[in-house]
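Look for chain A in each of the two complexes below; its partner is chain B in the first and chain C in the second.
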Partner chain A sequence: MRERIAKAGPGLLFLLPALILFVVFVVYPIVYNVQASTLRWDGVNPGVFIGLDNYADLFRDPVFHTALKNSALWIPLTIVPQALMGLLLALALNRGVFASTFYRALFFIPAILSPIVVGIVWQRIMDPFNGVLTEVGKATGLDWLGGNFLSDPSTAIFAVIAVNIWMWTGFSMLFYLAGLQLIDTSVLEAAKVDGASWWQTTTRIVFPLLKHTHLSLLLLGIIGSLKTFELVYVLTQGGPNHASEMLPTFAFQEAFQLQSVGYGSAISVVLIVVAVTASLSMVRVFGSGFITGEEKRK
Partner chain B sequence: MKFSRKLGATAALAAAGGLVLAGCAGGGTAEEPSQGQTGTNGTSAEGADLSGSVTFRSWSPIEQTTAQMVSAFESDNPGTTIDATIFNYPEYLVDLQTRASSDTFPDIVGLQPGALTQQYRSNLMPLQQCAADTWGDDWQDMFYPIGLEQARAGNPEGDDNFYSLPILVQTVNLWANTQHFADAGQEIPQTWDELKSVVDAMEGNDYAPFLLPAKDGWLRNAVFLQIANNVEPGLVYQAESGDASWTEASIVEAFDYFGRLFSEGIAQEGAIGLDAYPSGANQFEAGNAAMIPLGAWWIQQSDPTKDQSTIPELSLGMEGYEPFLFPTIPGGASESQFVGGIDVSLGISANTENPDLACAVLTDWIAGSGGQKLIDTMNDIPAVQGLNPSEFTSAKQEEIWNTFVEDWLPQVEYSRYFDDPRIDQAVADALAAVATGQQTPDEAAAAVQSVQDEVLAG
Partner chain C sequence: MSATTDASTPEAAASEPPRRMRRKRSDSWLHAALIPIALLWMLPVIMVIGLSLMPANDPSTTFFGMLPESPSLSNYTLVWEQNPILQHLVNSLLITVPSVIIVAMAGSMAAFALARLHVPVKALVFGLLILGLVLPMSGIVVAAFKILQAIGLYNSILGVVLVYSALGMPFAVIILRTGYLAIPDETYEAARMDGASTWAIFWKIYFPLGRPALSVVVIWQVMMSWNDFLLPLVALGDNDLKPLTLVPLAYRGVFLSQPGALFAVLVLISIPVILVFIAVQRYLVNGLAGAVK
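Now for the complex of A and B:
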């Protein structure tokens, strides 16, 4: 036993700093949140223990149902279009088109802008009174462009999703460009020699070889979707009437604007459970090394 | 299985560590003022030898103005320093709550009346002694009545302390672009029917007759409160205190009139998606609207301390604007009611290590040289009467200022706030639902009443 400890000692010591940081910045907030979620508490004055009442209220709360539904919509409706458009852009730019470096930078710019700036600009673009889309609609006869996208409860979440896609497609493109650089050119040349068309090469060789890029984008997309806050907050504040509410905006509103830190913590705990479940499911399905390229153990 | 046990043990250990660290969630942080601190009755700025430093955190006044106020106080009181930080409002709420929980509450804090002040009441020092020592026993006469009334909003019964004192007050009202009115040959509307007829007459121009930036809950509520008080003055506050029902006919009618702003085409297309700041304000200042609901603070667009060449033409000396009250509602009060209250108030930490300096700063910023700096920028209307800007840039600006300070503010009887944040949110949600056609006025009123029932049930 002593020998085993002596053997493992240096390794544990090397792990200790990371472990301390993990406990302080990950475990502590999670446990704090779980504890706070059992209280009726305004975050400042002494709280009252109410057991699981916050969770019972939460699962009855229609706003929570809307937020869950929006998160469920957000994940596929942002990840798939972003990945598809990013892949198409990457394929185009990888063929050495004129000024491809310029286009790479241009398409990537939205990803490095502040979501606050993006939100304010798109709010102006989509303003049906005199926004850019409305003016374009008037000039071209496409009147539908001047629709109340952000102020109609049935379209608000889709309008925010569209802006999110605009913002993050360049990021996917960059990932795919990096993935394309890693594909062995001899494989592509062999396909060419065998008479494979561009479509066949892309769908049967390039696309499968980009598996790790797809999975990385999937994981990053899910994480990004679950923590989406700024863009929603600036574009709609979760409205109208909570129609575009997401779990983080709902938690923020409850904890800080409505002084219900206990209830906000319950929302955060649900968010943690969803995030952990999603991550573990991916590890379960694709194996723990799916991002690094290590194949899943059979 | 071995792996699972190890994983389980590690998780349990980590959780236990976290639990130890997290042991204080919900434990409360407020402490009684310590010995030697002046606390409730002993804070005194008068004759005190001021030195040392205090911290100030708020979302208002804006950073540049706060810097001028800090500088004015520090110049008058050598040896003192004020460490001031200004946030945007949502960020400030997070910062304040975090600091209250971590025993790093600032010496002086910006507060809103009602819920926010009450949330931090146990962290705040009563201020009446500080005020009396600085301004004399009749200090309350200096303030506009609505400011003092709201400063104590939500205090428990029998607690007459002032945990915050107002620094700026305001009315909520409408503003007209007088150029558009003159060009259209229209008069500023006094009644609902006149409002509709003015909007009809102005339709078809390249500006919105009535720009309603209704994305923000605070603005929806401010407009609603103006309508509701014009329908039956004071009834909504009775509903909030449980003495009346939200489903009473007059309140339902107020929801209905709010909805008509949208359904009858008075507000512009997409009104519920437009925010007041920056979009609505920018549009109005750019001349893209004839009317907008904001408040007295709009006068800050003509800030005399700014480089006047940078001020848009309409705002220069307020030449292009005229404030007016929300039109009367058919069958309601015969005259438009004044709705308003505190813009921002200041509180002092119960545990400040330098209560004399904190008191001196607070009173200076309300009515001293720091306050003068603040009012010189026309950030909003001062909470104390008789404090005027050192300079006006036009007769129109002075006329509008005098309207606010002499005619309107002394008459403000109805609050622009609800006391409970849950009611505030419920009303804002109900108004959004009415505006988008998701609820009828009856359903909206019933939805607010159901939240009201929960609030009253505790």
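Now for the complex of A and C:
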């Protein structure tokens, strides 16, 4: 027994600082959320236990349905264009063109800006009075460009999605550049010797070899979509009339603006369950190699 | 870094003229495609800088509403003098720097333990880490607010630092562990044979060798703690504790009549992260390559 403790001692000591922080500020809040979701609670007065009523209400709530529908739109409409454009940029820059480091930095800059900066900037760009799109519309005769995309319920979510694509394409590009570095160039040389065209090499050899990168981006994209809060909060606050609501903005609004902490917690619990289920099923199907860096053992 | 390797040395160029020609022509095609895309991509950035130079007394614009008719630096002097911008800048630093140090240190130690040391219930620790990776900040922000209140860290910068450190930990540990796994086992065994302590092996060998992975972690953590505004929005009540990112929200009314000043603040928020990115970008792709392999 003593020997086992001695053996585990250093490992635990090295792990401890990270673990304590993580348990107090990440694991415990999850437990707290689950507990709060069973209460009718304004966050100030003592809560009343109501069992699963918050969940029952939630599943009937039309705003919840809108938020789910928006997530279902958001996931493919951000991941696919971001990955496609990111891959094309990475393929172009990986050829070692002049100033590729400069291009790389340019395309990555939107991803390192604060969502508050990105949000306010795009609000101005899409401002129907003096925004850039309106001015371009006036100059070119394409009047529809002056539309109030962010406050029209039928376009609000797509406008936010477009901004998200601008923000995160460079991130996909960087991932693909990293993935391309790991491809053994002798394979590509061999293909060239065999007379394969650039297009054939790219689609038949490079694309399949980037499998781990595709999967990482897919997983990060799904998680990122479910997590989306800041951009929506700054651009539309989830409006107009919940048209661009996502689960996180919905939870935040209920908990902090409408003082329904119990209901807000129920939304957060559903969000966590969806995110964990999605990630675990991906790990199940594809192996955990693309997260932990180890090959799937067959 | 591999850029222009074969075209830049005269010998290579002389011995292989046809290849060089072909390469050059395809490069100019690439530039013809890349330059307009890059310009289009940068338009919003150009607009922020342009509008930050738009004086309050003359808000007329030109070039599709992106540049001011009469540019001036008055907004920068204005935000510097009128709003306590320096205080907010210091707050942002007081939040970001400690959280980066905590995540880099505690994350590296945990990653080292998971990569090389004996840890009981390793699988459980991994499960928790992956849970932490997928956890949305907005999902825990209510609970984090209540916990900070309970332990007396509401309205305190330390509380915000601790939450950011905890949230950044899963990503840091997973990335750093991957980096450490790439260091051959023999290194560890050899150092052990020489009688090095576990701490010495970590601090003198693994920590320095893990620098590419660490650079990814640092930029990630800087981005999260510098750019976020959700946690400070709920965890910090006093205006003079708020970081730069909350300035546009905290002084919303003031900026309505001074849009130029608002854009100047946005520029000030962005400069530090861009500088950090430029400083570490050299390592970034290599570090990521280790992480996504």
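Quick notes on this structure:
Simple rule for what comes next: the second predicted complex is superposed on the first by the 264 of 298 C-alpha atoms of A that agree within 3 Å, B and C clash if a C-alpha of one lies under 4 Å from a C-alpha of the other, contacts with A are read in each partner's own complex, and residues count from 1 in each chain.
Going forward, a contact is a pair of C-beta atoms (placed from the backbone, for glycine too) under 8 Å apart; a residue touches a chain by one contact, two chains touch by 3 or more.
Just so you know, these numbers come straight off a predicted model, no measurement behind them.
Partners chain B and chain C clash in the overlay (superposition on chain A).
By the touch criterion defined above, A:130 reaches both chain B and chain C. Look at A:148: by the touch rule set out above, it reaches chain B but stays clear of chain C.
Of the two partner chains placed around the shared chain by superposition, chain B and chain C are both touched by A:32. Shared-chain residue A:182: touches chain C; no touch with chain B.
Residue contacts after overlaying the shared chain place A:46 against chain B, while chain C stays out of touching range.
In the overlay built on the shared chain, the residue A:114 is in contact with chain C alone; chain B does not reach it. Greater residue coverage of chain A by touch, when chain B is weighed against chain C, goes to C.
In the superposition on chain A, A:258 makes contact with chain B only, while chain C stays out of contact range.
When the two complexes are overlaid on their common chain A, residue A:205 makes contact with neither chain B nor chain C. By the touch criterion defined above, A:241 lies against chain B but remains apart from chain C after alignment on the C-alpha atoms of chain A.
None of the stretches 25-33, 97-105, 115-123 or 349-357 of chain B clash with chain C in the superposition except 97-105. The contact surfaces that chain B and chain C form on chain A in the two complexes overlap at residues 22, 24, 27-28, 30, 32, 36, 43, 120, 124, 130, 233, 252, 256, 261.
Those residues of chain C that touch chain A in the shared complex are 1-5, 26-27, 30-31, 33-34, 37-38, 41-45, 47-48, 51, 61, 64-66, 102, 105-107, 109-110, 112-114, 117-120, 125-126, 128-144, 146-147, 162-163, 165-167, 169-170, 173-174, 177-178, 181, 198, 202, 219, 223, 226-230, 234, 245, 248-249, 259, 262-263, 266, 269-270, 273-274, 277-278, 281, 284-286, 288-293.
Residue ranges on chain A touching chain B, taken from their complex, read 22-24, 27-28, 30-32, 35-36, 39, 41-49, 120, 123-124, 126-130, 146, 148-153, 156, 233, 236-237, 239-242, 252-253, 256-259, 261-262.
Of all residues in chain B, those touching chain A in their complex are 14-15, 17-19, 21-22, 25-30, 90, 93-94, 97, 100-101, 115, 119-120, 122-123, 206, 208, 211, 215-217, 268-275, 278-279, 283, 288, 421-422, 425, 429, 432-433, 435-436, 438. Taken in their complex, chain A has these residues touching chain C: 7-8, 10-12, 14-15, 17-19, 21-22, 24-30, 32-33, 36, 43, 89, 92, 95-98, 100-101, 103-110, 112-118, 120-122, 124-125, 130-132, 134-136, 139, 166, 174-175, 177-179, 181-182, 212-213, 216, 223, 226-227, 229-230, 233, 248-249, 251-252, 255-256, 261, 264-265, 268, 271-272, 275-276, 278-279, 283, 290-294.
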